[in-house]
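Lettered A, B, C, D, E, F and G in written order, each chain numbered from 1.
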Amino acid sequence: MADAPQATFEAKLARIDEIVKQLEAGSVDLQKSTELFKEGKTLARECEALLKSAQEQIDRAAGREDASAR
Amino acid sequence: MEQRERPYQVRTVRQFTAGMAEFLNRQPWLERIGIKGEISGLRVFGDGHLGFSLKEERALVECIAWADWRRSLPEVKDGDVVIAVGRVRIHPERGAYKLYADELQLAGLGELFLQYERLRKRFLDEGLFAPERKRAVPELIRRVALVTAQDGRGAQDFIKTLRDEVPFVEIVLIETRVQGEGAEIDIAAALDQAAAREVDAIVLARGGGSYVELFPFNLEPVVRAIVRSRVPVLTAIGHEPDRHLADDVADLSFGTPSKAAAFIARAWLLARRALDERTHRLDRAIHEIILHHVQTLERLSSGVERAAMRAVLAKRTAYRTAVDRLDLRNPQRVLSDNRERALRLDSRLGDAMQRRLERETRGLDGRRNALDRAGTRFANAASTRFQRTTAALGACDPLAPLARGYAIVSSGGRVVREAALLRPGDPITARLERGTLAARVEAVNDDG
Amino acid sequence: MADAPQATFEAKLARIDEIVKQLEAGSVDLQKSTELFKEGKTLARECEALLKSAQEQIDRAAGREDASAR
Amino acid sequence: MADAPQATFEAKLARIDEIVKQLEAGSVDLQKSTELFKEGKTLARECEALLKSAQEQIDRAAGREDASAR
Amino acid sequence: MADAPQATFEAKLARIDEIVKQLEAGSVDLQKSTELFKEGKTLARECEALLKSAQEQIDRAAGREDASAR
Amino acid sequence: MADAPQATFEAKLARIDEIVKQLEAGSVDLQKSTELFKEGKTLARECEALLKSAQEQIDRAAGREDASAR
Amino acid sequence: MADAPQATFEAKLARIDEIVKQLEAGSVDLQKSTELFKEGKTLARECEALLKSAQEQIDRAAGREDASAR
């Protein structure tokens, strides 16, 4: 998990999915549940940031076009 | 001989004529054909159309001609040599065909036509018409050289169309004389000049005109100029159905200048549309991707929260159950039971001891009573016996009779029981209850 | 007779009985009778004293108990 | 009789019983009876005292409990 | 009996039970009864103390939870 | 039990379960019952704390996300 | 120079087409998607510029014409 920031958006999503499944299976203990949740939330936040960054890049790319070409 | 041996089919007249009509219709070269001959038997009809026969030596073709909207027919008379241009049709009811001409070209044209045919054959032999020789016309023509007559209608149509549709396409206008003696030289020069310009294509345009007027576009200088052009050449000459050798060697040819302009404009419009469409799809695709990711992320993010909440809730429920069970087993009851038992035992202990003491007290009291009774009894018995004995003793008191008045007589210290033992005069002593008497015997009577 | 005072209450009573019997038999002369009777009386007096002493002791014993224990 | 105080409550009671029987049998003379009676009374007193002492001990034991534990 | 305090609550209670039975049977003499009674009372007092201590512990355990966790 | 704080929530819960079973069996004496109950209550308190902490961590993680990323 | 922009326009359009198809297939990850989009937008902008520069030229030409011919 130390190299999570380098993981792709998709890899992070997959890991969150895995965490959700583990939590739903109910087979993990309380502490582990909490840690998994925190990890999941951290990943979600990172994903959110990646999406935001992507959206910004997209907006910038689109915006530049709007500004320059029309 | 051979024909007689060949199998044959029988047709009705209608079938045959219909088949022939169909056959003719399928011949492209008959779609529009110019037939050169001498007019004879000219008839003028009220609505302005003409009927005549075209003759050449002993051959004859029946012809009907009329004016269309584009041009009027020239004045003709019997004996004129014309080229009638039009279409061949079968008349089933007469079993004959006719040329339906909408154009009549007057005398001398016959020579031009021969020249046309000659040139055409030569160019064809040179392979100038071969598609593989032709240059690729760029899809998008941004700068075009328009070679045309000064203030010609063709030029105006072309320019207007482009201005309207794709105003940004630059038109390099190269004006030239397009008809009259030696026009082909001017046109060729103009084409060479155009080819030298930085253009994407050259459009050779000319508005409508008669065959003769348009004839320079069949001539070799023009054809050669087109062939040698560095830049693709598009022709847009005269009326649509007419074809010139310039059209045949051009990389693309259009019936009218407007159509050439429309072609150029259309390429741009298509490109614009394609660009817009791609841009739109690009935006939509990325939007959908982002939306998909956002939704997936939201689903997973809330999912992880829900799952964690549920996991904790399950733990809390398990905890609650355990605690409830523990509280149910609070030793308070055990404690209370034990306290009651201890109190009961304590109370029994006290009671037992108290009872014991009471019993002992009672026992002691009983014994004390018995003792007292026994004491009283033996004391009483002793007293009774003492009383009885002393009473018996009292009854034996030898002096007791004295109390009843008796007296004890003694003489000489001896109690006198028999009178005879004494004589009168003997001293005697009489003891009374209280005191004694000294006396003498006076008489003795022994019968007592 | 010298040790009569040492004789018990019961012995004294028995002597009185004997005296009574002798007196009742009438075989002894007046003198003797009177002496016997006097002896009896003396014995009776001694017995009474013994009885009285015993009663007193009993009363005292009972009384002491009454006084001390109740 | 000298060691009577060391005798148990029950022994004393038994002795009283014996004394009562002897007295009731009437076979002992006045003097002896008187002495027996006195002995019996003394024993009864001693018994009374023993009972009293027991009661006191009990009261004290119970009382202490009352005072300390409740 | 010297190590009674180390004996369990249950052992003490059993001993009291035994004492009560002996007393109720009336087969021991007064002195012994008194001693048994005193022993029983002492044990009862010890039991009471143990109960009190247990009660306090339970109350504290239950109460502390109520106070801190709810 | 000295290392109970390091034990997991689940281990604690299991121990409570075990305690409940022992208490339900009714075979333990007062002292042991009290101690078991106290231990159970202590464990319950620790479990509650662990649950609370887990919930807080989750809330914090969830809340932080709400605050920062949306 | 004359046919370079044209070739580029068509090539660019073809590349945009390819990008659109990849994005529509949804088979590329977020980062790649973003990069493809940016590339597509850049290409579209360039295409647009080609159209625009032609427009400007003709506008200029028209202006010249207006100035000189009218």
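Keep in mind that, in the parts below, a residue touches a chain if its C-beta (ideal position, glycine included) is under 8 Å from a C-beta of that chain, and two chains touch if they have at least 3 such contacts.
Only a predicted model underlies this, so the values are computations on that prediction, with no experimental measurement involved.
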item	value
Subunit D reached from subunit A - shortest hop count over touching chains	2
Shared interface partners, meaning chains that touch subunit B and subunit C	D
Distance-maximising chain from subunit E - centres being C-alpha averages	G
Fraction-based call for subunit F against subunit A, same above half, different below	different
Subunit C onto subunit E, rotation angle from CA fit, given as a multiple of 5 degrees	10
Selected interface, C-D versus B-F, where C-beta contact pairs are more numerous	B-F
Core chain by centroid distance, with centroids computed from Cα atoms only	F
Centroid spacing, where centroids are CA-atom means, of subunit D and subunit F in whole angstrom	67
Euclidean distance of C-alpha centroids - subunit C vs subunit G, Å	168
CA centroid of subunit D to CA centroid of subunit E, Å	34
Inter-chain centre distance, subunit A versus subunit B - centres from mean C-alpha coordinates, in Å	20
Sequence positions of subunit B contacting 2 or more other chains	286, 293, 301, 305, 308, 312, 315, 330-331, 335, 338, 346, 353, 360, 368, 375, 382
Subunit D residues counted as touching two or more neighbouring chains	9, 30, 33, 37, 41, 44, 48, 51, 54, 58, 62, 65
Chains that touch, pairwise	A-B, A-F, A-G, B-C, B-D, B-E, B-F, B-G, C-D, D-E, E-F
Complex interface listing, subunit C residues touching subunit B	9, 13, 16-17, 19-20, 23-24, 29-30, 33-34, 37, 40-41, 44, 47-48, 51, 54-55, 58, 61-62, 65
Subunit D residues touching subunit E - in the complex, by the definition given at the top	8-10, 50-51, 54, 57-58, 61-62, 64-65, 68-70
Contact footprint of subunit A on subunit G as seen in their complex	29-31, 33-34, 37-38, 41-42, 44-45, 48-49, 52
Subunit D partner contacts - residues on subunit B that touch it in the complex	346, 350, 353-354, 357, 360-361, 363-364, 367-368, 370-371, 374-375, 377-378, 381-382
Complex contacts: residues of subunit B adjacent to subunit E	327, 330-332, 335, 338-339, 341-342, 345-346, 348-349, 352-353, 356, 359-360
